[in-house]
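Two complexes follow with subunit A in common, the first pairing it with subunit B and the second with subunit C.
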Partner chain A sequence: MSTTFEAKVVGFLCNWCSYAGADKAGGAQKPYPHNFKIIRVMCSGRVEPEFVLEAFRKGATGVVILACHPGDCHYKTGNVIAAGRFRLLKKLLIQLGIDEKRLIMEYISASEGERFIEVITKTVRDLESLETAPA
Partner chain B sequence: MSTRVYLCKCGNNIAGHLDLDALAGQISTKNEATEVVIVDFLCSDEGQEFMHGDLIGSQADRVVIGACSPRDHEHTFRQVLKESNLNAYLMQMVNIREQVAWVTDDRHEAEAKAGSLLSGAIKRVLLHQPLSDRELEISTDALVIGAGPAGMKCALTLASAGRTVTLVEKSPAIGGLPVLFEEVAPDFQCGPCLLEPLMEELLHGNHAHRIDLMTMAELHGLKGSYGNYLATVKQSPRRIDPSVCIGCYECIAPCPATITDTSDYRVARAEKNAISFAFQGVLPNAPFIDEALCLRFRGEECTSCLDACPMEEAIVFSQEEALIEKKVGAIVVATGAALYDPTAISGLGYGIIPDVITSLEFERLMSANGPTDGQLLTSAGIPPEKICIIHCAGSLEADHIPYCSGICCTYALKFSRMLSKKLPEAAIVHLYKELVLPGKSSIDLARKVRNQPDTSFQRFSSINTIQISEREGKKFVRSPEGEMEADLIILCPPVVPTTDAPQLSAILEANRDRDGFFEPLGDRLDSAQSTVKGIYLAGNCQHPGDIREAVNQGMAAAGYVLSGLVEGRNLQVSPVVAVVDQDICSGCRVCGAICPYQAIDIDETDGKSRINDVLCQGCGTCVAACPAGAISGNQFTHQQIMAELEGILL
Partner chain C sequence: MSDKPKIAMYWASSCGGCEIALVNLHEKILDVDAAFNLFFCPCLVDTKTKDIEALADGELAITFFNGAIRTDENLEMARLLRKKSQILIAFGSCAVEGCIPALGNLVPAAKYFDPIYRDNLTTANPDNIIPLNKSEIAEGSLGIPLFLKKVRTLGQVTEVDYFLPGCPPEPHRIWQAVAALIAPDGPPPKGSVVGVGPSTVCAECRRERTDKKIRRFFRTYEIIPNQTECLLDQGILCMGIATREGCGGLCPEVNMPCTGCYGPPAGRLDQGARMTAAIGSILDLGEVKGLGEKELHGRIDQALGAIPDYAGTFYKYSLAGSILGGREKL
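Presenting the complex of A and B:
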């Protein structure tokens, strides 16, 4: 029996780069998967590993962290810290039995509206294919 | 508690892409104590007025707004809340335009997505706490460290605006480096003459009374933060009172103690006495006593200088080192830079072979206020006939200094012009790795030099391939291209941070970059600001450059002080900051290590972290880092974000 699976994807976007990038994508009025929902934080450094785990606990198919490009963080080094946490968190997910491919981190600047759409579209499709892949 | 939800139609921008009425119905059904109002153009004057009246009428104590991006109008609506007697931070704005209406083709999907996001916001906003700006009184005065061109111009600008400025200078003299140069490129004005009007105004002008010039002084300690610094300055004893001393020089010759002066003033080419003037024409025009040399500090009762002095109490042996406190609002660092020590480049024989000198030493030899009164003689006591000027002496080399200082080629060409005038018969060879001619005037200078008789240019690939040697009393410069004789070799080393930069950086808690210069907040747009709010950077201590750049940065620093610290205007400290719960904090210090703004201090009494809300920028990195969860990020708390997450994923 096949069902149409719809992913539930949550993204933590930082105010100065990626959230602004998402706004720019919005300004271009180009569609992207509706099942990607954004939580705004001031900096990717604010993202606690617990947020990610809670998202999975509450049924998220995947979690995305979008940060400023290295060197461009509005708060100097927040994105570097976030990247370090992200790598460790991936390892923790494996230990918890969660496919580490369900946690994604990317760098999106305020001007990369197009790229935001590409990244999100691909991420959601990849996550959906994880669910429908043969066991 | 009741929550008011405002959904903005934004004309057709939102209303045309999803059914707002259905959405409103969905929201008020799913959420208790929640009423939804649909408004057209909420950000307009009419929209805001409507919201104002509606808020007061409804007596709601929480607000959620579904509209455009909070990056556009969060502040607009916070203002409306304020004016409606509701705390501005008891609202949450949801982006249903850029992030829903404009990017979701299917109307039902758009409605569902908006519904999810709004549910998240409704759950979140219930956990918002009222927050308010803190007001802090501030000092509008400043402390400027370094009385070179950048520091002096900054200090004078601030004083002219009515501010009290403490100008701290480590040496006995103001003027920095250019005051030691005979000529300054590109216009060949004399260094002291160039700075004279600035120095006169600083010392004796209309605003001089607001400038507390402290020479032979250094920053010893710093407490506090932007707007409220307490600086401790260590004043070394000059043992002369410059306000009494008339600068007559009568005290110098009778002094029995002499030593070779290795400072930048005489660059080991002349002697100085225990009591000495830094150089002829020094300002402040007064000598100073070197304790390391003066006989009185070896137990002898020498009064030679005192006896010769025509003034009463110009010489004060009993002066002692003092620590002086200054309350200021901002600090400007204008401490300049140094030259890379060519001793590190063994092939050049610097310090071993005579007549191999640095550019600074050359400037001193050429200067009328220098150790030889401007006479240029080799160690053999005669003017040089063959001069080799080596650019890039240590620059652009991976094993020495990787960058180009940008100023050396210009001054090397200046040297060439000066030598050509002073010694028209001399042969000059410029050896360079790269030739850098920025600005509008350097190219003219280069052309004039190339047209000089007996002046040539030769390129080398690496300073490590240059060998300077001495044979039969003659000096030779060998490169892979060949060997030439030279009787004077001038090295142009890269500009590097001063040796006391690490110490000063530690006192200020201002970071230095990978090359050791003070790190700016932003290289392109904020190069005169350090990463610590309230500490500004000017000149070569921040980045190698010329007088023009240094002075402009000094003015930039003054600009920051004048616009940021204004008399009668209290500092508004944002409440969107991190706060440590002292009951939970264990003093592990993980937070302090990752704060980019030095906003976190350890309280000496209990070893726990304290966050300075003036410096905190609200990034939240420490909030996430705290292993105990002891830090709360106002307006972005753990609980608030978890609630938002729950609402979104339901």
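Presenting the complex of A and C:
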């Protein structure tokens, strides 16, 4: 099926890991999907559940939270807190009739520029096929 | 007829508890009566909608509007009373943020009647009869109010001057709000939330708090809480932490967890999101260094497992007023 649908994807990237990873990818001139909109936060623990709901209300196809690997958060436990909120938000989204696959959390370190590209390219593609899949 | 300023109290989609709360002003209700003429209140006095229609615009000094907007009749009354009132107060949780009626927003509109009229085990309805807006019968046509697709708050359908939360608002808070309206230094700014405190229920709760580390949650029947420690510290899902101050901490005072009836705290849009934020930060997940994603998320899901009906618990009173307002597609 031909897809003309372009997803709007909001990514909250932790300054210390995935944002640095994204920077690295950018520095190496690696292309990544232009419809992945990056918001830099100081830690994934800064991502208030309100931010996620607000993004969906405003029409985001997907929301992606990228954090440091477990145990590696710059502020020790920010990413674990974010993970707890993420799991709980998914359960709420199901009840609110939003496909839980539209909320994604991944752990990407500063050195994983390649992986950053892979993850978000795949995520954007997945979200687009989700949206165009026959109901 | 009396020339005291006219006031009204009207119930839209509500249970009537707000009227009880008003009567619970006890002898102060006499002061209200001395100062005002309670012109319209279907629960207590016998004037009709046509009497409201006959008033000049703005002839009602104050209207306390309780109940959510569920039907087209609720909507019409909200607009009529807005027109006829100088001050329109969203009175109680249903009018302020949707309350129990708004839990209907978790169900697609087409299925809304099913649990009662079709699926209920003790219901036999072979002819598939459900309430209709208009029915033709031999004697003519009959109408009942139309159910709208989505439950909305009063503030979502018309301009509201003040918001008085609570399910129902505590009588001393109602009094405080009324007193503020007629205070010599002028009423609070329009759009204010009145009859509340600045913080959360925890600020009024007398239980001792420690650093929260929750391994699992308990439902109220699974545990006998001790009388002194914070209920949330004990693993009981107390919404006080994500609920506006105002009630005096009534429920935790008697060993019951707060269920959130005063809505989200000041400056916050979404009570469920607040509770999600709080719970995410108090789970005890042990050592996580080197843990894979699957394992970490597994531990979290296990800790959350005992919570029943997430949306129904976190948005029991505030779904219509929340960021998403209910299901994405109704």
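Observations on the model:
Everything below uses one rule, namely that the second predicted complex is superposed on the first by the 132 of 135 C-alpha atoms of A that agree within 3 Å, B and C clash if a C-alpha of one lies under 4 Å from a C-alpha of the other, contacts with A are read in each partner's own complex, and residues count from 1 in each chain.
Assume a residue touches a chain if its C-beta (ideal position, glycine included) is under 8 Å from a C-beta of that chain, and two chains touch if they have at least 3 such contacts.
Model, not experiment: these values are computed from the prediction.
Look at A:9: by the touch rule set out above, it reaches neither subunit B nor subunit C.
Of the two partner chains placed by the overlay, neither subunit B nor subunit C lies in contact with A:65. Within the superposed three-chain model, A:17 lies out of touch with both subunit B and subunit C [touch as defined at top]. When the shared chain is aligned, subunit C comes close enough to touch A:84, but subunit B does not.
In the superposition on chain A, the chain among subunit B and subunit C reaching more residues of subunit A is B.
Using the contact criterion defined above for the overlaid structures, shared-chain residue A:54 touches subunit B and also reaches subunit C. In the superposition on chain A, A:108 makes contact with neither subunit B nor subunit C.
In the superposition on chain A, contact of A:92 is made with subunit C only, not with subunit B. Look at A:26: by the touch rule set out above, it reaches subunit B but stays clear of subunit C. Put simply, subunit A uses residues 45, 48-50, 54, 81, 85 to touch subunit B in one complex and subunit C in the other.
Within the complex, the subunit C residues that touch subunit A are 106, 108, 268-270, 272-274, 276-277, 279-281, 283, 285, 287-293, 296-297, 300-301, 303-304, 309-312, 314, 322-324, 326-329. Across the complex, subunit A is touched by residues 69-71, 95, 97-100, 102-106, 109-110, 112-113, 116-117, 120, 531, 576, 594, 596-597, 617-621, 623-625, 633, 636, 638, 641-642, 644-646, 648-650 of subunit B.
In the complex of the two chains, the subunit A residues touching subunit C come out as 45, 48-50, 52-54, 56-57, 70-72, 80-89, 91-92, 95-98, 106-107. Here subunit A touches subunit B in the complex through residues 8, 10, 15, 19-20, 22-23, 25-27, 29-32, 34-35, 37-43, 45-51, 54-55, 58-60, 74-78, 81, 85, 117, going by the rule given at the top.
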